């Protein structure tokens, strides 16, 4: 079982700036924890981060075929990137959207996600644990479906 | 460590009606799975369900003092019960909001939660696994904070 | 054939207050006229009124299984009780919404019903006759469908 | 007692197109059933249908004086014909608005009626029975008022 | 002269939680101060608090007939309970709405009251003194009217 | 203790026009009743009325330094005079906003006050008694704070 | 000089219904008074009334070429008939819009005119005198322009 | 018969600036033409212009008692001065609002008048003739009413 | 293969007025060019124009049954005629909407079409060529479907 | 004559995914059909596709000078890429916007195009034929202009 | 070269109140610094401050003719004084709007300026330096234009 | 002292296209003038321009640490790029937003900036001088803060 783990713009700075909001783990540490938990569950994670909208679209197009599901934290793209949305929809794989901070308790413009209605679910405000929670739910769902 | 697990109106019918949307586990089974996982993590769960807004407010007022955190699926109250919101805010305990189905992908009026901006986080669309995910994140957060 | 006849908050005062708006028949008299007409049509009516949202949800959950259809005047709950809406939707029985006065000709906030789009139909402004009209249409529809 | 029964644009095709939404009775059959029930109640029905807004205004202007009440299904005019609204308001007769399908459960633009706030009431979603329900309520109301 | 003094959900915790916003007097102390001032003015107060919307509706229906006026702090119900609004309107007694904190200076959703336009007046942000101010104005108004 | 009592445009006509809405006391009589009550409470009132926005701003700028609090009925300026709002905010004294009639029950444009969110509180619809109620609350608050 | 005087739906009933709003002169009398004043000013009036949107469009198309200006009271068409608007704009003649009652003080939906921004001016609420006022202003404008 | 003719801010510059929009007559010339026409109709005009909102309120308060009607072009105050609105409403005299240019065809914010719904009527876009038209209609209306 | 070619209000003036916007071909010339191209493609065109909404509804009802598809330029009806929309939807034939000028680049109110979401497609801003483009696409689609 | 043919994000997958919506032709086949038709008309097409917003801006900046017109299907960029819009506007060449499916009949957010008001026209819902239709219209327009 | 430097309500208190927001320079000091920089650039500044809207309108009307440009900080009038807007527009001189604090980062109601779209530019959030920056840009622009 | 000077999409064409709106200086000339003024003030400028959103995010991430402040003209990104906004916010350096033309006086969509509320200030409509004005204010602010 293969899961794509995608992070959008500015998330490469996790753990380095604004730890009060985003926590003190770096993106690398989060990716490793997620990958470790995946291994325990018999799954494999393919991680990717980019500040370029087009690169995320390219990555989804290229990698989705060989993958079973997607975990994505689109960062600021959450709120306007219809190109990323279309790429996810075109991929046709179960997708869970993750946000480290609680987007529903921040500025008004962060409440709306253009990805949420085509995702299977959304996890928001659970810090780095949100990625693991998404992983467990996604793998659980896929195992059930594949029976 | 003691966690309140609260479910709002109509959730007593989980597993009995509309399994296509809400899954086939009953509320009792979900409460048991959550309690079992809590036991593994060294925590205890106090479960409660009601179709009555006032009873949920009463419960939070009475039980919050002796508890460390709250997991709540307010059901339809999510979208209008400011009384439940005020009770949670008054309790002053870390709270995670759970929805079995993905509220961001359903009717427009289900996108907005009057609880979300005072909650620590929100889990939506992960089915019964969402309760377990919320539990793990909440216990993890509390253990870290208590160190 | 068994029909649930549900009335929401303040409707227990029908005929006692504001007769200019709501007419001079008491709720009891309306229930009797509806029951009498039901008997003529070979149906039976189970009446219920409450000022408590939770009690109406409880009633629908408990009684819907043994019933063939629902006639409901949700009173003020019409405009905000998503819990009642979810209970009706979960019940899965043909439902007609009744309002004694014409809600479309009163204050702006009374024009919108959170129940209307899941109901089979809506009768508004026909006074006590609206209950009888709803009953006749509902029984007619059920008889046709059961053939 | 004389009741005007007016049907707006495209309703001349009732029973011929989209029976899933509008039922299988033709307009003529509905008019006959309504007229028959009127006769039983000691009333007389004057039926009229047009696809032309101006003709409906003309008809109301000419016929309202000799009539006691109006039953109207304005079809698509429901949502924008202020000319029909003004004609009804000018006529000064008790009016009940009828819709065969439940307009509150269809497209957004069908939820609003420019006639509803000057009508005595509205019947929506009861199929052909809605016309009979409106007739009975209107005749009942007029008999009471005339006593 | 008899005045109903009604407090809505979570107000039973006054003086116990969030004193920075709501002050340090308990609800009991506020009720006593109000009752004492009423006695000085030759009036009597009947106090009631509930977290249950339906109980407040029940209370108003039962007690309003024997009362001369109502002072109500609906708490969170202020912003959505049309059932409480209808109960007050049905009672037909002069009513003053009280809020301990200044609702016009808090979250956006607290600015609107569904009760305000049927009340005689509104007192907001005067702390416990707001209840006494409302009482004096209400008794003064009733004495003048009764002359 | 010194309180500023400010009244905005058209309030110089109190008691002379539209007594049905604004009561039959003149502004002078209201100012005297307020001053008399202030004397009983050991405070002094400085009264001012103007139809000119700029004069009210001038008055607040000049008098606020030597005053302990402000009671203001901004009349029509309530709804748009940001200049008066800025003057009050700049003065930095506890301020209570008073309206003789209930602004929440009148025309839509009177529901919003540009002053309310920087005021300590608002009294609306208590007639001339509203000024006295504001005075008592303001003096009580100042005495407590000065202890 | 030739002026078109056009009246829209229901205005043929002027003087016959709702004289409280529309006055007691009939349309014929208004047309005569306008024509008489036109004769004094050396102009000629061509009057027309219809309840049919298409007939008004036809009339403008046919008659505009031989006319110098238009006075139109579009009745209910004021608020939605883009077809009449386009006909007026296509005609390219100075046009004054007249309303017998003050549309800015009636229902919300009557405040907006789809004709107003292409008209030279609008006269509202002056009763039958509004037609004469429009005529005088239009003739005065045309005489000045033709010099 | 005595008519107040009031002009608001910047209208003292009529005929001096932007003649393409406002025409080439000065305010003095317009006042004289209006006064001359009033004399012919047996009425007298009292003219006033100010750039100060408070002065217009003062003027209406002082002069309205001895006057029979008001013609006012509030200039920019049209769109926000609730103080002028309240002064006019308090005066209780028939009032006609005049605008030299067609406010309905200019910038969006000029379409709405806070005075229009309490005025008897509005004349817009007829240039200086609008004042005369308003005068004739107002005098005609008053003569009829006084009979 | 038979195609209905329908043009709405004011389009009979094509080529005669505002050629800068609508081009210099008359409607007749456009109809002929469309018919000629249809003949080349083995199809036949039935042309119709009316300024009357009701006539267009009548025409669609009568002619749709014997036709294979519809090309319609509803003119101003595009933006509000739900009656025309319902007629097209009832007809159940593939329909292409044509606009000579680019409605998306003109006034705000021309951007919205009440027909567009039930049409197969929309061609806007291609001048008279838009009719031919629509014809070619419609015939192509029908030929493919009929194979 | 040289025409730029630009396709935005995800359109490189045409013919490979969701053929029910987008048809079964690949982008390469569409480009070839368009180029072949261009050759017949004596024009030449320069094709380009990218998932990167910046690359499309670069391309337009570099190629527009040597081109006579632009045909663009901006894909998801249609709805928000003001950068692409500005590039097109800066290029100053006649541009036609093409959409394979009917954007006006899909999700709400697809109805608005930020390019449409600066384009010469828009073709939507004609499948691959839309590109050819745009080409023909564009070449026709350019030939006429160049005469 | 002569520049008007106008400051609106409450700005006479600069440097005396809320220095955290508005800085510690008094208005006099700012005017002097601006005048000194103007002298260096060969220009002269005419300063004016008022809390009265009408006085600002008067000042602009009287002084604009002899001036070359306007620098204005309208204070609270920025957000609603259409009278000041009309005076500036009528003056026809290049105008730069200055705000000491960043109005775009403060309360919602301070984001909108009714002056901005007729000004040449706006400087916001640069403190007292904003006046100097505006002066330099305005003088630079005028010198260039006058060459 | 080191200042980043960032320009967004299409600004590389400054001086080459639309000089009527954007002036005749090239971006290079503007950068040089800004750099020269910086040298006079003892500061250094690091210039950057890109049409790619991702490159601007990369640049800010890499360069912000070693810089003291940012001047940015985000071009079209101003209105939607939350990714650029997040990068600026994450950098935590004082930032001034510059626009060559007055964005508040252009199309509606240019009025809103997603960057403005986190910037220190905004300069709009001063042409190339706006960059110099921003530089002077930024350096002045930094020098003051560093004392």
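Letters are used for the chains, namely A, B, C, D, E, F, G, H, I, J, K and L, taken in the order the chains are written, and counting of residues starts over at 1 for each.
Note that a residue touches a chain if its C-beta (ideal position, glycine included) is under 8 Å from a C-beta of that chain, and two chains touch if they have at least 3 such contacts.
Since we're looking at a predicted model, the values are computed, not measured.
The interface formed by G-H recurs in A-B: of the pairs listed in A-B, H-K or B-E, only this one shares over half of its residue-numbered contact pairs with it.
Same-residue interface: subunit G and subunit H share over half of the residue numbers found at their contact.
Taking A-B and H-K together, the pair of chains sharing more C-beta contacts is A-B.
Centre to centre, using the average C-alpha position, subunit C and subunit D are separated by 23 Å. Note: centroid distance subunit I to subunit K, computed from Cα atoms, is 56 Å.
Subunit F and subunit L have centres, each the mean of its CA atoms, that are 47 Å apart.
In subunit E, the residues touching two or more other chains are 52-55, 80.
Inter-chain contacts occur between A-B, A-J, A-L, B-C, B-E, C-D, C-E, D-G, D-I, E-F, F-H, F-K, G-H, G-I, H-K, I-J, J-L, K-L. For subunit J in complex with subunit I, the residues that touch the partner chain are 96, 102, 104-105, 113, 116-127, 129-130, 133, 136-137, 140-141.
Only residues 52-54, 57-58, 61, 80, 82-83, 85-87, 90, 92, 114 of subunit J touch subunit L when the two sit together in their complex.
Of all residues in subunit L, those touching subunit J in their complex are 9-10, 13, 17-18, 50-55, 75-77, 79-80, 109.
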